[in-house]
């Protein structure tokens, strides 16, 4: 089975693993646009030493392009780890990120999230040029 | 020479490589707080295929703790790469990120940025508990 | 178009972007096994400031498991960058990695590579237990 | 306290967190050289869901250069995570990596490892040209 078949999709309003992409539907070519990607907007995802979201990666696939470009990969690395034991540590990072990118072409913005237990999940959003 | 001696510091108002940390000075223990880290707030840093900021990593060092915890590492991966040549591509990611974390202890938040040409740069900010 | 449809496959003997996985076909449950993943074994891939392989990520999908697990992600970050200009720098990292993992189940080992210009490419290898 | 002061050093024969760099002392300018970085060569480090090495990053600092270059960052992402509970999962990645790089200058190769509980640790090795 190809790894691409392991990248799961679902309705984020029912499934807590699906990344939610928040950004304008129309962007101005060459202007930086802010994008927020988060999980658990409708159904919260755990954030514990044993079970958490490790990262969210974002890609942009221009409509007229055969290839995709990785915009960024954002790791969430603190989940209560401590010498005293799991979930006894002082810090936790949330599974949410805001970044900015610019494009000269319309296309599809994709987000892929990794849960350390439940694998890969993706979502996407079409962006047109204003 | 130790790698730690290669992590440079400077005044961000004069040096474009220094990460700028924006977040409250006082945080409530156990509440998620948003943190924005950016570069070039006073002096712009290039963002080209040949010269760009590759990532910003953030750490939290509790005051009473010997160790530091990595909160996250945020990669900026698109810099105009294209088959047609450098800086002909459709997408660029900016060197700026907003994320959220929570802490139960006061301490120091550190940001480290990597320029693909000019190496490692750090800055820091003390956080107290409200 | 889903991001998973953007992950390309091809014959590595003809296409330079395809990761080649070298490891035993049969492994002993619970014993660490070395895995080498490389690109360009038959047809060399460029390694320049403008065009290079950014990373290879490896996943393991147990046969009886709905999910996949990320084993590792291996970044190749030096590509001749320099203040003097592209490809004038002193160091280059090759797109090849050897790591070790252990499994208690048979399954499929997948490798995904990112070219900064030509996007995502995958390959896979079935592992049975000895 | 600067993050650089949080990067710990010790004798790898006594302290399990210190990365051990294995590669030739002399390299030929412009030829790829294999480098293996591992932890726990003398004293084993745990590899559990709750306590493990997250990554090893390698840098090269040419002797005549003010800056350092990141050669690679190698993540170890599977540590027995499972829906059934910590350490019930099928896969573990070991904290060891082999990669290859080339340099045209003598300098210092540095390795930095992150333990999810005990923070940052570094070691280094001088490389001369043959």
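Going by the order they are written in, the chains are A, B, C and D; count residues from 1 in each one.
One rule holds for everything that comes next: a residue touches a chain if its C-beta (ideal position, glycine included) is under 8 Å from a C-beta of that chain, and two chains touch if they have at least 3 such contacts.
Everything quoted here is computed from the prediction, not taken from an experiment.
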Given chain B and chain C, the chains that contact each of them: A, D
Farthest chain (mean CA position) relative to chain C: B
When the C-alpha atoms of chain A and chain B are each averaged to a single point, how far apart are the two points in Å? 19
Averaged-CA centre spacing for the pair chain D and chain A, given as whole angstrom: 28
Shared interface positions of chain A, touching two or more other chains: 54, 69-70, 77, 81, 89, 116-118
Interface with chain A, chain C side, in the complex: residues 1-7, 9, 54, 59, 61, 66-70, 108, 110, 112, 114, 116-120, 122, 124
As the complex stands, chain A meets chain B at residues 32, 36, 60, 62, 65, 69-78, 81, 89-94, 96-105, 107
Show me the residue ranges of chain A that touch chain D in the complex, using the header's touch definition. 49-51, 54, 77, 81-83, 85-86, 89, 116-118
